[in-house]
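Next come two complexes, and both contain subunit A; in the first it sits with subunit B, in the second with subunit C.
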Partner chain A sequence: MIYVHNTGSVTRKEGEELDVKAQWKTISPTMIRRTDRFIQLALLGAYQAIGETALDKDTALFMASGQGNLAVFKRLRDQRYIHKQPPKPVDFINSLSNTSGFYVAQYFDLHGKNLNVSRLGFVAEITLLLAQNDLELGKEDQVLLGGVDELQEPATFTKRTLGISDESLLGEGSNWMLLSREHEGALATIDVAKKKMDLSEVKAYLQSIDPACKVAFGFRCTEPMIREIIDGEERERFLYNEACGFYETETLYALNSFIKEGEGELLFINVYEENFRVIKVSLLPRF
Partner chain B sequence: MQKNRVFVNAYESLSCVGNTAELMAAIYSKQSGITIDTSYMSEHQAGLGSFAPNEFFSSLKSVTRVVLEKSNLDDFSNTLLVVGSSVGGIGKSEQIFFKEKNYKNINPKEHAISVISDALNREFGFKDSRSISTACTSSANALMLAQRLINLGAYENVVVVGADALCYTTVCGFQALGVLSTQQCTPFQEGRVGMNVAEGIAALLLQKVQTDESVELCGSAGSSDAFHMTNPDPEAGGAIACMQKAVENAGLKTTDIDYVNAHGTGTQANDAVEALAVETLFTHNPYLSSTKAITGHTLGAAGALEAIISCEVIKQQRIAPQTSMSKAENRQVNLPREAIEQQIRYVISNSFAFGGNNTAVVFGAVK
Partner chain C sequence: MITILGGEILSALGEKEQRLKHLFEGSYKTVEKSMNLMGEELSFPYYSIDEGERNSALSIPLHYLEDAVQKAIDKCALTSEELSRCGLFVGSASNDLSLSLPLGKNYDNTQLNKVACERIGNGYYADHLTKHFGLHDFSLTYNTACTSSANALLDAASLLEGGIIDYALVIGFEMFAPISFEGFAAMQLLSPGKLVPFDRDRTGIVLGEAISALFLSRDDVVSSPWHFLGGVSSCETHSVTGANPNGEGISQVIKTALERTNITPDQICGVKAHGTASALNDLAEINGMKRVFSTSPDFFSLKPYIGHTLGSCGSSELLLMMECIDAGFLPGTPNFKNRDIELEWTPLIEKKSCTEGHFLLNYFGFGGNNTSLVIEKVSS
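Let's look at the complex of A and B:
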């Protein structure tokens, strides 16, 4: 069993404004230099979860991202072909996958394992699973886990390549949670199913759990697919989607929102290339 | 909880000196594969390690296929794939951009780190896949993850692939940082001038089952300096912590380690701190060497490539010599000038990355 102790989220939808730099500057005026918006987004989300709390130095840091820092890739290409210059050292450094993780580790003075997981589809689920494995094995006592994705425009192009409908709004976010083996003071438990499922397996899984458990679906789940999964059940849906556009790590926003606002239990179901993954969150009594 | 043991049962690699057999021959005979190149930067020469321009993805499949052929498996349908890479598909995106001078046809699915696992999944039909990207510790972290999953019983077979191709971003990026050597790199040498960027592919099959060919992956650990984005902690706290934890994870004492396969990039900062860490932690003075003067620094592939070198050192009972070093900067560490035959029970292999991301993996002869 693993426990969620803190959560924090920063998110916005297409068309909304989010001045990440200004917000982060009010928290840490000194840690602006050399960081770009993606890194600041990571820092800001982690800060929403942890604030000024001093974490154990051995806390591991796992960060997930669907696309990583694509904006810096564009800057590097522009330097080469538009400005006819070699890469700026700061942009090359910021193009590394673990740069955001470094800044988060440095800000919170974390000296444990520092991982960055990157993939399209299930990136948050896989990263949670890695953390769950390490916590269950006793390899880690505590993991600060986050998912960061920055909105890239034009949105129509991104939607096409990510395989989501034109009607869906894209978004961006930085969503973090502190996971631990320690029960005391926890907000919720979290259980990531270890295996991928097909449609019939996910339906059977849903039918096997408490009818009071709410259900939420990832953006890639279409309405016909959702109807097929629910299959006439009178199960309450947790509709986090209205406040959040699509990004690869939106799963963490859904979980954080439920932990903050929900009641009871939630089963989060996501799909990628006809495979399903599920995560169950159970809220604990709050004092 | 009873942990499953983890065995490395098959592997293959491709680097600028060739396949694994050719790699070990080059290491023991101190023949570097680094060439002096101006194709990425006409105004600067750089020592690079390259094997097959434009054939990276076909080579990736070939190397993985050799692992399958060497294994006890009929296919990879019940095997997890864990990829460690820092470049992913950036080279593909660069080719499109350099040809078309715009971003219109760059596909995020072809750009991401996971493009490597996607390509291998299409070819071999793995049960599932993960991609780890932590710059130069990527595939060392992939090995650590694979070990955890087999320990836990989540998988019985895991293929770890470390793979990074040369591309404009990395070559010119390291040049912009002023750490790229114009010649073959000289790890641990006094007055060394920098590193060689290289490409590499390394694939290892890790299994719960032991075979006649097994080397044991005994332990692994990671740490974070949280000190500086590009410079390691000068007191080597992070490097020491990760090696210490890896030895503990293996259930060993530091005095059990016979050979340290160094990260040893040839940069001033890395080698000084790594030598200090080894000197501080391993007071029995085990042999220490870096093979990057032979292969160059294969970035995200380095952890997996050097895992294979570590397994070969154990199988051949022969320490890899330190190439390209005439005068050591740190005289307190034990840098062998020639290959040394001796009993080798345990080897620790280090990988360190920007951001102070440290990983160490311990391999042992099977008892």
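Let's look at the complex of A and C:
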């Protein structure tokens, strides 16, 4: 079990406006020139979680993304294939490494481990499991963990490359949480299940926990699937979905929303290719 | 205790017998690759897996990955049941290239149908390999520039230690990528000639491609004379393109890696340096080592053999080093001729007898990534 000390989110859904550059400029006018929108989105989300608080320099930074910085690849593609130009150095650097993590670390003066990880499904769940493992083993004392995904136009193309239906509403977001081994001052605990589950296992798991524990589902969970999992149980659902469209790291938005607005406990259930993963969040008394 | 079981590498050095011969003799092979940069025809050496016959510009070379993993499975004699307990950790600086194909096809946004059923993303390769080989569900893909697969190794060890998996497959993966090749050229970081780490006349990096597949486990599951003792990854925010030349960040990561693994500098028998042959990186690495070691340790760079394989170098250079030591030697650093008076320290020029001991491996990259690993080989 690990403790959540801070959370922060920036999110929008398809059709809404989010001027990331303008917002970030009000916070750090100097850190604009070499950063692109994806990096600024990462910075903005992390700032919502941390603000001007000075973190321990050894705090690790784990940044997850389902798609990565797609926009920089589009620019590099255009430079090479359309404009017949070599890559612009800034775009090249931003594509080659975990540059977003570098700028987040630089802004918050962090010198610990700095990871940029990705996965086709469950990217937030697996990154949280990685952080939980490192914290429980004592390899890290504190982890600033974020998930960043940027909405790419045209949406029709992006939906197909994400493997979701044309009817789904896309979104984007930068959702961060400060995780620690330290109980004092924590907002919540997080317990990431270490193993994947099949449908019958997730149903059994849900039936085994406190009936007062609320439940939320990832975007890939269909309503028939949800009905099958709940199986007639009268369990309160935490509906975070209306505020955000689909993006791979929306799990973190759901958890952050519950920590900010919810009460009691939440079981978050997500699915990818018929496998399920669950995360339990328990809010702690706030003084 | 984390055990290193071994693996396979596809690189410019060829099959094992051939690559050991190269490493023993200090020889290597490069091809010339040309590009048009702002109207100017340029040519640079390159370390190619198959001597440049393939155009992998916009293709996903899955069969190379499958080949490397299958050979590693065969070497380690792992069963299907054991593979089902094996997590996957892929490190690549260019994993976003999985996007190049659909993005390239779709460059004018008019060819949507061609990508209608293609699921893409940075985790594409890991997803494919997990299904193809029936691996455990835990997989992650790391993009931390030149430390990608070194960081993948660190996390693989952590997950093994936590008991979440019993085996780990770490893959370092970097194939020829035109955007990367041209990007380094545009930044004037490519050497027009030989790759000469730590030499007074070093002129920059020479890129290469490599796919390595390396299995780890725990000693309560499988024993091995090779142990992964641990390491440290840190972020140095001095510059997005390199470590501080004064060596401050590099010394910190080496010191902490040694402290965490309870190894003293004088116990280190050999250092696999990052050794890129770029002026400032080599200076930073030597200055970093000088802050930790009172006298120069035996150190060498493997990049003159396989090139700078970017995100692949973590696991690829570890495997090459293990193969050398298993064969009884630390490799020399080819091409080195002239001592740089600013660096003072010089790498091993000739191979040196070595069969066991403690070893340090350094990896540094864009994005402020510094990683040092410590491993040991004990008598069988």
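A few comments on the model shown:
We adopt the following convention: the second predicted complex is superposed on the first by the 286 of 287 C-alpha atoms of A that agree within 3 Å, B and C clash if a C-alpha of one lies under 4 Å from a C-alpha of the other, contacts with A are read in each partner's own complex, and residues count from 1 in each chain.
One rule holds for everything that comes next: contacts are C-beta pairs under 8 Å (C-beta built on N, C-alpha and C of every residue); 3 or more make two chains touch, one makes a residue touch a chain.
Quick caveat, the model's predicted, so the values are computed rather than measured.
After superposition onto subunit A, the partners subunit B and subunit C occupy overlapping space and clash.
In the superposed model, A:105 makes contact with both subunit B and subunit C. Residue contacts after overlaying the shared chain place A:92 against subunit B and subunit C alike. Using the contact criterion defined above for the overlaid structures, shared-chain residue A:156 touches subunit C, although it does not reach subunit B. Of the two partner chains placed by superposition, A:36 touches none, neither subunit B nor subunit C.
Looking at the shared chain after the overlay, A:69 reaches subunit C, while subunit B stays out of its contact range. Applying the stated contact rule after C-alpha superposition, one finds that A:138 touches subunit B and leaves subunit C untouched. On subunit A, the surface touched by subunit B in one complex and the surface touched by subunit C in the other have residues 34, 61, 66-68, 70, 73-74, 76-77, 80-81, 86-89, 92-93, 95-99, 101-103, 105-106, 109-120, 126, 130, 133-134, 136-137, 139, 157, 161-162, 194, 196 in common. Listed in rising order, the residues of subunit A touching subunit B in the complex are 34, 60-61, 66-68, 70, 73-74, 76-77, 80-81, 86-89, 92-93, 95-99, 101-103, 105-106, 109-120, 126, 130, 133-134, 136-139, 157-158, 161-162, 194, 196. Interface residues of subunit A facing subunit C in the complex, by the touch rule stated above, are 34, 61, 65-70, 73-74, 76-78, 80-82, 85-89, 92-93, 95-99, 101-103, 105-106, 109-121, 123, 126-127, 129-130, 133-134, 136-137, 139, 154, 156-157, 160-163, 194-196, 248, 275. Residues of subunit C touching subunit A in their complex: 37-38, 93-96, 99-100, 102-104, 106-107, 109, 112, 115-124, 126-127, 137-145, 151, 155, 158-159, 161-162, 164, 178-180, 182-187, 232-237, 240-241, 249, 252, 310, 365-369. Residues of subunit B touching subunit A in their complex: 1, 3, 41, 86, 88, 90, 93-94, 97-98, 101, 103-104, 107-109, 111-114, 117, 128-135, 137-138, 141, 144-145, 148-149, 151-152, 154, 168-169, 172-177, 221-227, 229-230, 237-238, 241, 353-357.
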